[in-house]
């Protein structure tokens, strides 16, 4: 098995991620959060959903699941780790990514396609994309509003670790095209080693034209490629 | 004994619930309200009657789980 | 002297005597509690059962008809679809968020009780006018509750339907429909066969939630008195339900379940007696084994509790340990609370003492059956005679300015963008179109669903109105290329003890049945909600249908509202009628008149249009059925979605605003429809940046779009 | 002056968030915790320095907007 898709109680996008991986010709397998063994996976995806009901705080309880110490260990070896939506929130809570995600500006759940601009290709999520490319990918979250303490935010920006920002169709970035109030329109980020990435939109929902958009492919293909040719650090 | 944990968003970080509620209060005519901040209450009942120990333990729970130190402040009060 | 216990529980003296006759002795308190809930209108359908038999329920593809938790139809190649609709009206008025949330939870359990994962939900909802703050509060709460529960439990909400009328101000309607997809071998039923099998209660602990909720909230009118009777509000826990779904699916996959029943109205009483009766068996139940959330609950309370997120599984004794272990894996509680017995008796023990012993079947099968008097409401002929007076000439551009701002016509994305409508990667045509279309992965099959109601027409003529909502739903799925396949219905009515309401009910069932027969589609399930009455005022007769459409193969490029392009021809498929203005959006919104008699459906024409529409869906870029607001609104919706204007040429403004049935807007790239079995005529051309009605005025596309998009946000913020 | 509004779910009503957090605390080894109940805190800054008036006004806000009287209880405290 190459890619482990972690299932917490309350996770609900696990089957969609596995389906998308199959569409891209990669094999992925589900791993239960109580397992403490990633069974030789070369990469990990934390899919979307509502781990532990999002109770207490989104991602807060999931980070203590036995599997998370394995995820952390794998991340430290430089293996690709991706968090989508709730998975992004879990990675932030676990300290594998900077910042946190809070309630959307308008206090309403948002399910609709949004446009994001690729800001950097230095991540397992964007390696195969073009800087400046604009992708149309569904957003599906209530807590997608990215925040970070000023110093950490400055460091994140300075290090070029913001990989995706909400934009208009032409790539212009402004408040009018910030769906949820995210600081600096941040939609996706990576870590310093650029092997751990998280984003709020759902690329797995945009790999087949018949479902409206295939723009998510380039992101997931980046991830799959980096799983096949791991950059150990 | 009962302990009350209060968790609030750090100063300066987005508090959409607070902002939205402030707006709603103004719409209802409460112009005198100058600030609205949201937070979470977690009431805990714990064994034993050593208040100091109970508070210390609750603070540890906050550090580990109940609060997110990156974006939240917390305080612990003994209720009775 | 104080009222006898049975009356306080909403039971009549005659019903009480019937219980005594069955038991051959006065009932114990717990027994009385069980009969009072199980014989309530909500659980027993005592006022409606006699008439529901009118519905056509047979078709070669029906696998499970009315009577089980959900209807099931055959899609070929071993695929089945399960569907069901339920109402949660009164609880949603008491507490909109939790009422709607728990409504979603309940309908999902009806589906996964059948052996499979629910794959989609729809939410037909109704409120009073939004200029009332209370109605805004109710609508925001209901939508947030459906979103909060549906999104978190991991089932997408693929659409719904909404209406506004004063009669819903104190009695909003919240109906929820759910759909499941399964392989034939997955199908599970509720019957508890096999003496010695064990009844295992799965899921949430039992508290005082909604004690008497079914009998008291849903089976009595909603006046001040019921305020006092309010059962404690049920709090939905989508996370618990999510774990329960996963646990049940694994139980089924491992073949550990003999029969299963969800706990809804009447909680443990209903589930244990229905399981036992369905299998012709009895059951011994020990309430001391029920995990409680609150200590000191009485046997009656435990039996009647409507705590959410619970299921009752019947399992073979040797499998109990595996079942409990599996529940533990999914982090849900599980407890063996009963044993299946011979002889049909339901025996309930509490604190070691026998608190109830009764024939299990008597709770459902011997429930009272009422043929209540029915009589046409006075004044209806007068209303029919008062057709809306129509002006000679109308500026349709101006009419659109009001119509597009009607919250029942304007952009609904404020609602459905709060719902996850993409999970499971099946959504080919998303909410915002006529019917939603789902693919079945790994096949060429597709499923389309539309939920429809039309309380304004039903109020004037329940039979014609009831028929027309079926015809409208049929066209809504036909435009996706799917043929009408099966129906579930939710009949929301006032107080059935009033002959006028009973008349509305019977007329509605008749009209719906006639339409279903003409289309050759079965009714496979539904729900009746009576006593939607506040302080003596009944709601409009409000039947709501959920119509399932099926296509195999699914069109490669199904029609969409956003596929119209400059230069394409706009055609109108269907009859030439132009006279139907009774209760039309134009008459109500612009003229402020809601009288007259709605046109009747034309079964032959209707079927022909449906079938022709399905064929056109194979190659037309845009197909849009004509409903609220007539051709003008239908074309405007297409133009706004496609971002291009249109020029229409008609010789009478009434062609643009009337709402006669069986009509579809078709955009055809070439010379139109080669086939002429069904009348079709060209009415205009796509293009430009205005919607132009020639001598009947025009409106700039941008202005139309702005009005339409803002209709809900400007009211709800 | 600053007022704080404490909002908690009515006795007897289910508190799923409390239940799951309780489970998580137990998993972390806090076996001594016997109950966990969730609530919300809303910190308000209001003009004027009439504590009685401020509390009365805050209670009115609770009735009208901040709390859901059907399922929640609230209390108001002056902070300073």
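Letters A, B, C and D mark the chains as written, and numbering starts fresh at 1 in each.
Rule of thumb we're sticking to: a contact is a pair of C-beta atoms (placed from the backbone, for glycine too) under 8 Å apart; a residue touches a chain by one contact, two chains touch by 3 or more.
As the structure is a computational prediction, the values presented were derived from the model and not from experiment.
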| item | value |
| --- | --- |
| Pair exhibiting more inter-chain C-beta contacts, C-D or A-D | C-D |
| Where chain C and chain D are represented by their mean Cα positions, the distance between them in whole Å | 36 |
| Rounded Å distance, chain B centre to chain D centre (Cα mean) | 9 |
| Rounded Å distance, chain B centre to chain C centre (Cα mean) | 41 |
| Chain A-chain D separation of Cα centroids, rounded to whole Å | 34 |
| Sequence positions of chain B contacting 2 or more other chains | 65-66 |
| Sites on chain A at which at least two other chains make contact | 52-53, 55-56, 61, 64 |
| Two or more partner chains touched - positions in chain C | 237, 239-240, 331 |
| Chain contact topology (line, ring, star, complete or other) | other |
| Chain C residues within the chain D interface of the complex | 94-95, 98, 204, 207-209, 232-235, 237, 239-240, 293-294, 307-308, 331 |
| Residues on chain B engaged by chain A in the complex (per definition of touch) | 9-10, 12-17, 19-20, 65-66, 68, 70-71 |
| Residues of chain B that touch chain D when the two form their complex | 6, 8, 18, 21, 24-25, 28, 30, 32-48, 57, 61, 64-66 |
| List of chain A residues in touch with chain C within their complex | 9-10, 12-13, 15-16, 19-20, 34, 49-50, 52-55, 108-112, 138, 140, 142, 202, 204-205, 208, 210-212 |
| Interface residues, chain C side, partner chain A - complex | 144, 147-148, 151-154, 237-240, 242-243, 246, 329-331, 413, 416-425, 427-428, 430, 439, 441 |
